[in-house]
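Every chain is named by a letter (A, B, C and D) in the order it is written, and numbering of its residues begins at 1.
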Amino acid sequence: MWQEIISPRFSDTDALGHINNTVFAVWFEGARQDVFKIFTPELNLRQWPLIIASVKLDYHAQTHYGADVEIRTYISRIGGSSFDVYQEAWQHGVKTVSGTAVLVQFDYAANKAVAISAEQKQQLNQHQYKA
Amino acid sequence: MWQEIISPRFSDTDALGHINNTVFAVWFEGARQDVFKIFTPELNLRQWPLIIASVKLDYHAQTHYGADVEIRTYISRIGGSSFDVYQEAWQHGVKTVSGTAVLVQFDYAANKAVAISAEQKQQLNQHQYKA
Amino acid sequence: MWQEIISPRFSDTDALGHINNTVFAVWFEGARQDVFKIFTPELNLRQWPLIIASVKLDYHAQTHYGADVEIRTYISRIGGSSFDVYQEAWQHGVKTVSGTAVLVQFDYAANKAVAISAEQKQQLNQHQYKA
Amino acid sequence: MWQEIISPRFSDTDALGHINNTVFAVWFEGARQDVFKIFTPELNLRQWPLIIASVKLDYHAQTHYGADVEIRTYISRIGGSSFDVYQEAWQHGVKTVSGTAVLVQFDYAANKAVAISAEQKQQLNQHQYKA
C-alpha cells in the first residue's frame, strides 16, 4: 500500500459544503504517482508509458473540509499489459470514497499496448490489495 | 438526450498534450445540470435534492485541445430513488469518453433517500438511452 | 471585444455557495483562446508562441451558480513583445470580476521573447479596450 | 512565514509540459489555510469570516512536474479590515511564482467589512514579510 495525506483545499469544496465528487478523480490520480514511477522512475513526460482505460469512483460518505484525508493506493489486478489500481479515501476513520483505475502500459509513438515485464510485476505485487 | 458543446480550455490539457482524464468528471457533472433541474428547477443550493453514489468513466480515444467536444447526456436506468445518467463525449465524429453516474434523490437534512415521483420519472424518461 | 458565455458548473462553486475565486483564472484563460489564435491560428501546442508573465484578478461582487456569465476580453496594452489582456465577468448586469493578464510572445526553444509584428498589432488593435 | 510542501499532480500540468498558470491560484489559496485559522480557528464554513478582494500572480520561471514545490506564505500589509497575503512558490532553489492576495474580514450576513482586532493583528504580525 502507498499512503498519501491530503489537506483539502477550500477550492475543493462545493456549494454543499463538502468536497466535490470530481476532486477525488484528481486526488486519486495524484496518489498514483508512485505507480507511475514503476514504469518511468524519472516521471519522464516525453516518453510517458501509461494510458488510462477507465476509472470508477464509489462515494460512501461525505468528505469534509478542515480535516486531513488519507489516500490508500493498492494494486488489485495485474494482466498482460493492463492492471488495476484500487484506492480509498479515509477521513476521521471512515472510508468515504473508493475507486479503481484501469491503466495500460502504452507506447504512444507506436500507439499500442506494451506487456508488463516480470520486474514490473514484482514491484506491483509488493502493493497488492488483499480484500 | 441533452446536448452541450464544450470548447476545451488550455488548462484542461496535461503534459501529454491531450485533455486530462480527470477533466471528464468535471465536464460530465457540468452537463448533468439539466438533470438537476428535474429535481430542483431553480437549482436551489440550499435544498439540494441529489447525491452521487458512483461515477464510471471509460476512455476510448484521446480528446484534443483546439476542437469542440459534444457531450451527450441520457438517462439509462430509473430505480426507486436512484437513477443512472449515461454520458458520452464526442470529438471529430469519434466517441472519446463515455460514462455512467449513479445519482440518488436525497434529503440531506433527514439524511435519507427519497423516492422518485411519477412526474420525475416521466421527465427522466424523455431522455432515455436506447443502446 | 471577444465575448464568451459560460454556464457555471456545480464544481465551480465552493462552500460559500458562490463561484470560487480561483475559477476565474481558469475561465479567463479559456476566454483568451481567440487571443492565442492571433499568434498560432491552429493552436499548435508543439510550437506554442506565448508565455504568461502575470495575472491580476479583482473581485467586485459574488458570482453565483445557476445563471450565465459573460466574459468580455479586450487588449489594453501592446508593447514590444508583451501585451495586456483585460477581461471582465458579468452576471445579471453586474461586473463581478475583472482582471489583466500580461502575455509575452515567446520562443520556448530559444528561451527568449519575440517582437510583436505589425500584422499581429493590427489584429490585437481591433479588440482594444477603451475605458 | 508559513510553509507548505506540494508534490505537483499530473493533472496540474498542461500541454506545455509544465504546471499550468491557473494552478498557482489554487495552490496559494490552499496555503492560506493557516491565515484563515486566525479568523476562524475551526474553519467554520457556516460563518466564514473572509472575502477575497484581489489576487495578483507573477510568473518568474516555469514550474515542473516531478519535484516538490515549497509554498511560503507571509503577511505583507495589515489595514483596518483588509490585509495582504504575500506568497512565493519555490522549486529547485528557484522562486518560480510570487503573488499577493488582498483579503477582507467580512460579515456575509450583514454584507459589510469587519475591523481586524488587536489580537488578530498580533497573530498576523508573527508572519510579517520582510523584503
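Criterion: a contact is a pair of C-beta atoms (placed from the backbone, for glycine too) under 8 Å apart; a residue touches a chain by one contact, two chains touch by 3 or more.
The structure displayed is predicted, hence computed values, not measured ones.
> Most remote chain relative to chain C, going by C-alpha centroids?
Comparing chain centres, A lies farthest from chain C.
> Write down the chain pair with more C-beta contact pairs when A-D is set against B-D.
Of the two interfaces, A-D and B-D, more C-beta pairs touch across A-D.
> Roughly how far is chain C from chain D, centre to centre by C-alpha average, rounded to an integer in Å?
Those two chain centres are 22 Å apart.
> How many angstrom between the C-alpha centroids of chain D and chain B?
Averaging C-alpha atoms per chain gives centres 33 Å apart.
> Taking the mean of the CA coordinates per chain, how far is chain A from chain D in Å?
Whole-Å distance between the two chain centres: 28.
> Going by the touch rule set out above, which residues of chain B reach two or more other chains?
Within chain B, residues 10-11, 13, 15, 17, 22, 26, 29, 45, 65 contact more than one other chain.
> Which chain C residues qualify as touching chain A in the complex?
Interface residues on chain C, with respect to chain A: 10-11, 13-15, 17-18, 20, 22-23, 65.
> Which positions of chain A touch chain B when the two form their complex?
By the definition above, chain A touches chain B via 15-16, 21-22, 25-26, 29, 45, 48, 51-59, 108.
> Once bound in the complex, which stretches of chain B touch chain C?
Touching chain C: residues 7, 9-11, 13, 17, 26, 29-30, 32-33, 36, 42-43, 45-46, 65-66 of chain B.
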